[in-house]
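Lettered A, B, C, D and E in written order, each chain numbered from 1.
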Amino acid sequence: MKYINLEQVQQRMNTRLVINTAAKSVFLLATVFGLIVLAILIYRVAADGLSWINSGFLTGRLSTDPNKAGIMGAILGTVWLMLVVAPVTMLLGVGTAIYLEAYAKKGRLHSFLQTNISNLAGVPSIVFGILGLTVFVRLMDLGGVILAGGLTMSLLVLPIVVVASQEAIRAVPNHLSEASFGMGATKWQTIKNIILPAALPGILTGAILSLSRAIGETAPLIVIGIPALLIPFPGSLMDRFTVLPVQIYYWTIDSALVAEYANLAAATIVVLLLVLFLLNSAAIIIRNKFQRRY
Amino acid sequence: ACGGGSEEPAQGEDPGSEEATEPATGDEGTEEDAAGEETAELEGSVVIDGSGTVYPLMAALAEEYMTNEQPNVSVEVSRAGTSAGFGRFLVENGTDFNDASREIKDEELAEAEAVGFEVKEFKVALDGLTFVINPENDWATELTDEQLISIFKADGGVTKWSDLDPSFPDEDINPMGPNENHGTYEFFYENVLEEADLVEGVNLQQEYSTLVNLVSEDRNAIAFFGFGYYVNNQDSLQAVSVDFGEGPVEPSLDTIAEDGDYAQFTRPVFTYLNVDMAREKPQVLDYAKFVIENVNEFAGPTGFAPLPEAELQEYADFLAGL
Amino acid sequence: MEASSGMKKGNAVNVRELIEEKKQARSISQLMEKLMPKLLLLIATISVLTTIGILFTLLTETFEFFRRVSLVEFFTGTVLRPLSQNPEFGVLPLIMGTMISSVIAMCIAIPVGLMTAIYLSEYASEKVRRTFKPLLEVLAGIPTIVYGFFAFTFVTPILRAIIPGLEPTNILSPGIVMGIMIIPMVASLSEDAMSSVPNAMREGALALGATKLEVTGKVVIPAAISGIIASFVLGISRAIGETMIVTIASGSSKNFTFDITQSMQTMTAYIVEVTGGDAPAGSTIYYSLYAVAMTLFVFTFLMNLLARYISRRFREEY
Amino acid sequence: MGMVSVKEKKEIEFQKGNEQVEQKVQQSNVVYDTENLNLWYGKDLALKNINLSICEKEVTAIIGPSGCGKSTYIKTLNRMVQLVPSVKISGDIRYRGRNILDKSFKVEDLRTRVGMVFQKPNPFPKSIYDNVAYGPRIHGIRNKKILDQIVERSLRGAAIWDEVKDRLNENAYGLSGGQQQRLCIARCLAIEPDVILMDEPTSALDPKSTLKVEELIQELKQDYSIIIVTHNMQQAARISDKTAFFLNGEVVEFDETDIIFSNPADKRTEDYITGRFG
Amino acid sequence: MGMVSVKEKKEIEFQKGNEQVEQKVQQSNVVYDTENLNLWYGKDLALKNINLSICEKEVTAIIGPSGCGKSTYIKTLNRMVQLVPSVKISGDIRYRGRNILDKSFKVEDLRTRVGMVFQKPNPFPKSIYDNVAYGPRIHGIRNKKILDQIVERSLRGAAIWDEVKDRLNENAYGLSGGQQQRLCIARCLAIEPDVILMDEPTSALDPKSTLKVEELIQELKQDYSIIIVTHNMQQAARISDKTAFFLNGEVVEFDETDIIFSNPADKRTEDYITGRFG
């Protein structure tokens, strides 16, 4: 006895295939939707801002006069901030990742640390701002300076680096470290000579991604307190500063005061996106170039 | 010179009482200081926070000072709002100046005393409380002060335009303004509404840009804020001419001046100086002097009416005495 | 070993002896061996300290706040007027604002994100996937301030042209833009979950004559469901914590309403507003900041726990 | 048709031997008929000019060292190989006379007639019942009673009914590897296929489960045509009627299993079978 | 000492047979001596009462079906098995008389004397030179000249020098699988071990490379004691002097390779060798 009637199957087949094709188009549409928004966003921003970008704008000092205003101060502020964030996050992030992946026994401590990190990854950035305000600005009495902002940002992006580094380390095949152990290498020798070099591309990618997150963050810095007008360029870790996204924020909300500020904001966005684009390209290049071959 | 200056200004001081300072000693000091400072390269920072309304004026001054006077001094201007600004001002090692679009309150002065420093009030310019409506609104371009108050007051009995005048459209009015964070709100609440509650459903916003947008896109909106925000957005807003009893007066730099026709809705804006800071840090004092000397020049372009010279002279004298 | 090292063909070097010789030098590496784990543990505790720091700062000030304002008033009050002469501290308007903006965001992000994930994981060729995924990641990497600007200057005007009565600052526009911002997150995490479903399972279904859609709907999605739902929950917690978009585009009215055309404030935007430069320490409003932040923290914390729970609990075993 | 391994032209004698094979093969009913099949992964030629006829209700074993193209060939028979995007195919494969490589031939159709069992058991992460009912359901059978019957019959057919009949609603991953593999066979039987392809179906199983599956195959061949890939020569010898020996993408020899294992025509076959390489 | 597979007490005859084996084994110099070794992964007993003596300068093959504990045993010999946290061990393993399971025995020391070659070639993602120099370097040898000598000698020893001498600075992943495996052997030779453990060193290689590695093993046994795991019985027969047959974590039989393959004492050995299971 046959339950499956081949003719019926045949008939239904056509409907099923049509539905499949229709669904595929809908899915494609959804995928493209995000990209269209991206295109519009970039087009809009470029249309508003591109004509405002010139060497004066890029190298000039901040000004209340839109025709004189430049964003060098914000660029330098961003660079200074990264000078804090990059080393601090790398040290803390990679260190934590190594500990978790190579040393911590899979037990209570390990799962506690791991849970803690994934929870930190989900804490809103503004709460980190409050932490920074309370601990670095007030308690340690640093004031709203680069160091305070940088440390706040470091803690904010720490989970990104930890998780990325963990994944990179975990992706180093066991047989490599086994080979090293098999030669009589100690654990730290193996980590230093084999695991870290092999995981480096992944770690770097994570580091770059975390930096680009830090470059774009606004809320925590606003909470820490960044002046709306700051003309001198920052010159040390203990200087007050402003950064690109904060400048965008102020110019956006002040566009009611001076209409051209909207253009300045757009122009600054173009610069910021360009920086992020470069960083992300670097990440992708690293990822592709060092694509694992083992 | 120091002794004379330092005694008086602290508490509840009325700007008028400054006449008491001796002009003679002050003059000498000023010249000396001025002579000394023209060559002296100052450095360090001056920290200013406070009113968003006063911000454009103070920012313009600060920029001028840093670019053309003392390039090594960093004057950073924030704009948290008058009250929030006082929060940062009234602490130990707080800000050097606090801009305010209302007068300092007694409690705030008391706090300064508790912390242990002296506060000096400077009026810096005059601002006209401006009521703005949508450009499409062709009926409410002229209103009496009473009508305006009745729109914003809780029991004003006005919710529709037609409540003001039967010839107006039968549509709901959307009143709005800056929120309680702002001195502008407090001035309006205390001096115009005389502390009567605001109407239910008034839309209070933190950012002036939001208000400008709201009004520019809503023909039933009416908002109040500083004259400067109107001047900069004349394309998208129109100001209500206010009839204080002698015919409608359009707010303008002339009418909002101290003796102008719009004076009833005019208010002074201030900056408050931490005098102890000025004594400690030469750049703060120098900057204060610079502000007083140049503020009138910057007032007009940023949407404020200038102060009488005499008043400024008093401040200059006071500073010279420090 | 002695026996073996003697007969090595090499005459010049005796590695065995060299190694024995260098054994002393190895005491440094032995030291490192002992030191590193301790050092690394120390570093690893920083992340714990961060959490403790957050809890500590939030809790002490929150505690002070609740000495001034009752828990009941805070959590049941529908009016938030912190600066008023007679202030009221009901947090419900902020929770409402947060919930509504998040719901709007997820209404966009979940369907679009999931469909994108399905397309990329099940339909797209390897080449398409390799171009689209980084592009979407770009979308995820755009700073939220840019999205705020976009919502305020582009999306809102368009929406206002379509929906009469929409206020220039409203919760709808930032909600939508937030949704767009979260699409890549949902898409990418769901895609990961779906691509990690073993191909063997797809092949099993295909070999029975199933179409791709049937494979996706009846095999891949059920198998990946824990990861997919976790991506939704993480998306929601991202929406709850998002700050700049709402700060710029939804105004600061503390309305307690379901009307999405109105301006509303979220918990995050409230924090920005109150800090706005620097909060006046010691006032009740200053403490309210921490109470709201604590509420926000608890919200997102619960969401994260939920996500973890889901991805563990509902993981299909295969 | 039949097995023709086109090597250098000199090997004429070798070719002659194969023609004999061809004749033998033609005696029974042909299900699958592969002609001049070439298959490339990108630029790598993985199957070289395959000619092979598979007969009805027989077990045909495909043996050969790792990487010789066994899996590739068997997956070509239900076009699963085309899931790899870089695959290019030339030649003909006729299934019951129709060329399955033809555009007009719907793969979904083909695959409802040609079931497949994979190397690693791959049940869906669903209940045992849903696993078996999956195929009938996608083909439109919703009636619970009919589904129940199909499930029971298929599980019985796969000799696993008694072991699972009390836990049909439990997740299939609770079963042992051997049970899972028989479940996969049941799942395949549920769509009432004509041919069953098996790619090393026992290589992930312990000896006991292997035995069970082998017995099952012997039974199934009453009703189905079975093509089985294995790299266990003993297994091929035990269960198959015909055996094809693949090497480097070519069919070296295809004949009755007895002949292949006792008296292979090709030296390489002999070398492989006696374990001289691989 | 020697091989004693303690089974149920009834198997007395079987035990007797083993005692004879023991005597044979004692004739040569013993490198490794395993006594009553039990090993658990968590609660699973993976090695059951293993007794085995490995002799100097011989190739000892370990065969058995998948999962019988071959890898586990060989990894116990250099304590690599302890990288799995759940592992528990009882019994003694004496390497040249000293118990390596003793706390005082540093694993690093042990592993500089006992090299290991793995199933999949696992060169480091470094240059060929750096791969070979890795071991000497971590043991403190920095002198470039000495390193050069070591590298050359090791590569020669692994019969790969001629193929790579012109590209020492290229990445090791540019080599073919078989070359990589010989490189791994060279890397292991660079620290001049006493014993070399090999876990299915050719299972990932093509027949040609397999042959090369097998030849190499034959050569290496002049200087080293080699223990090799393989599931290719032919390979064991070809290259080893002694063979141990593992089943379910136990040593079923351990004897001269010739004897194991021609005349095994145990029925299970015979069954396995003739392909009746596995």
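Couple of notes before you dig in:
The working rule: contacts are C-beta pairs under 8 Å (C-beta built on N, C-alpha and C of every residue); 3 or more make two chains touch, one makes a residue touch a chain.
Nothing here was measured: the structure is a model prediction, and the numbers come from that model.
If subunit E is removed from consideration, the chains that remain stay connected by touching as one piece. Common neighbours of subunit A and subunit C, by the contact definition above: B, D, E. When every chain is reduced to the mean of its CA atoms, the largest separation from subunit D belongs to B. The leading chain pair by number of C-beta pairs in contact is A-C.
Here the CA centre of subunit C is 47 Å from the CA centre of subunit D.
Subunit B and subunit E have centres, each the mean of its CA atoms, that are 87 Å apart. Across the assembly, subunit D contributes 108-109, 112, 138-139, 191 as residues in contact with two or more other chains.
Touching of two or more other chains is recorded for residues 29, 209, 211, 214, 276-278 of subunit C.
In subunit B, the residues that reach two or more other chains under the touch definition are 78-79, 207, 210, 213.
Of all residues in subunit A, only 9, 16-17, 19-20, 23-24, 26-31, 33-35, 37-38, 40-41, 44-45, 48, 91-92, 95-96, 98-100, 103-104, 112-113, 115-131, 133-135, 144, 155, 158-159, 162, 186-189, 191, 209, 212-213, 215-219, 222-223, 225, 245, 248-249, 252-253, 262, 265-266, 269, 272-273, 276-277, 280, 284 touch subunit C in the complex they form.
Contacts from subunit C toward subunit A in the complex involve residues 29-30, 32-33, 36-37, 39-41, 43-44, 46-48, 50-51, 53-54, 57-58, 61, 111-112, 115-116, 118-120, 123-124, 132, 134-139, 141-150, 152-154, 180, 183-184, 187, 209, 211-214, 234, 237-238, 240-244, 247-248, 268, 271-272, 275-278, 289-290, 293, 296-297, 300-301, 303-305, 307-308. Listed in rising order, the residues of subunit C touching subunit E in the complex are 1, 3-5, 7-10, 12-16, 18-19, 22-23, 25-26, 29. Residues 106, 108-109, 112-113, 136, 138-141, 146, 149-150, 191-192 of subunit D are the ones that touch subunit A when the two sit in their complex. In the complex of the two chains, the subunit C residues touching subunit B come out as 81-85, 160, 167-169, 251-253, 263, 273-274, 276-281, 283, 286.
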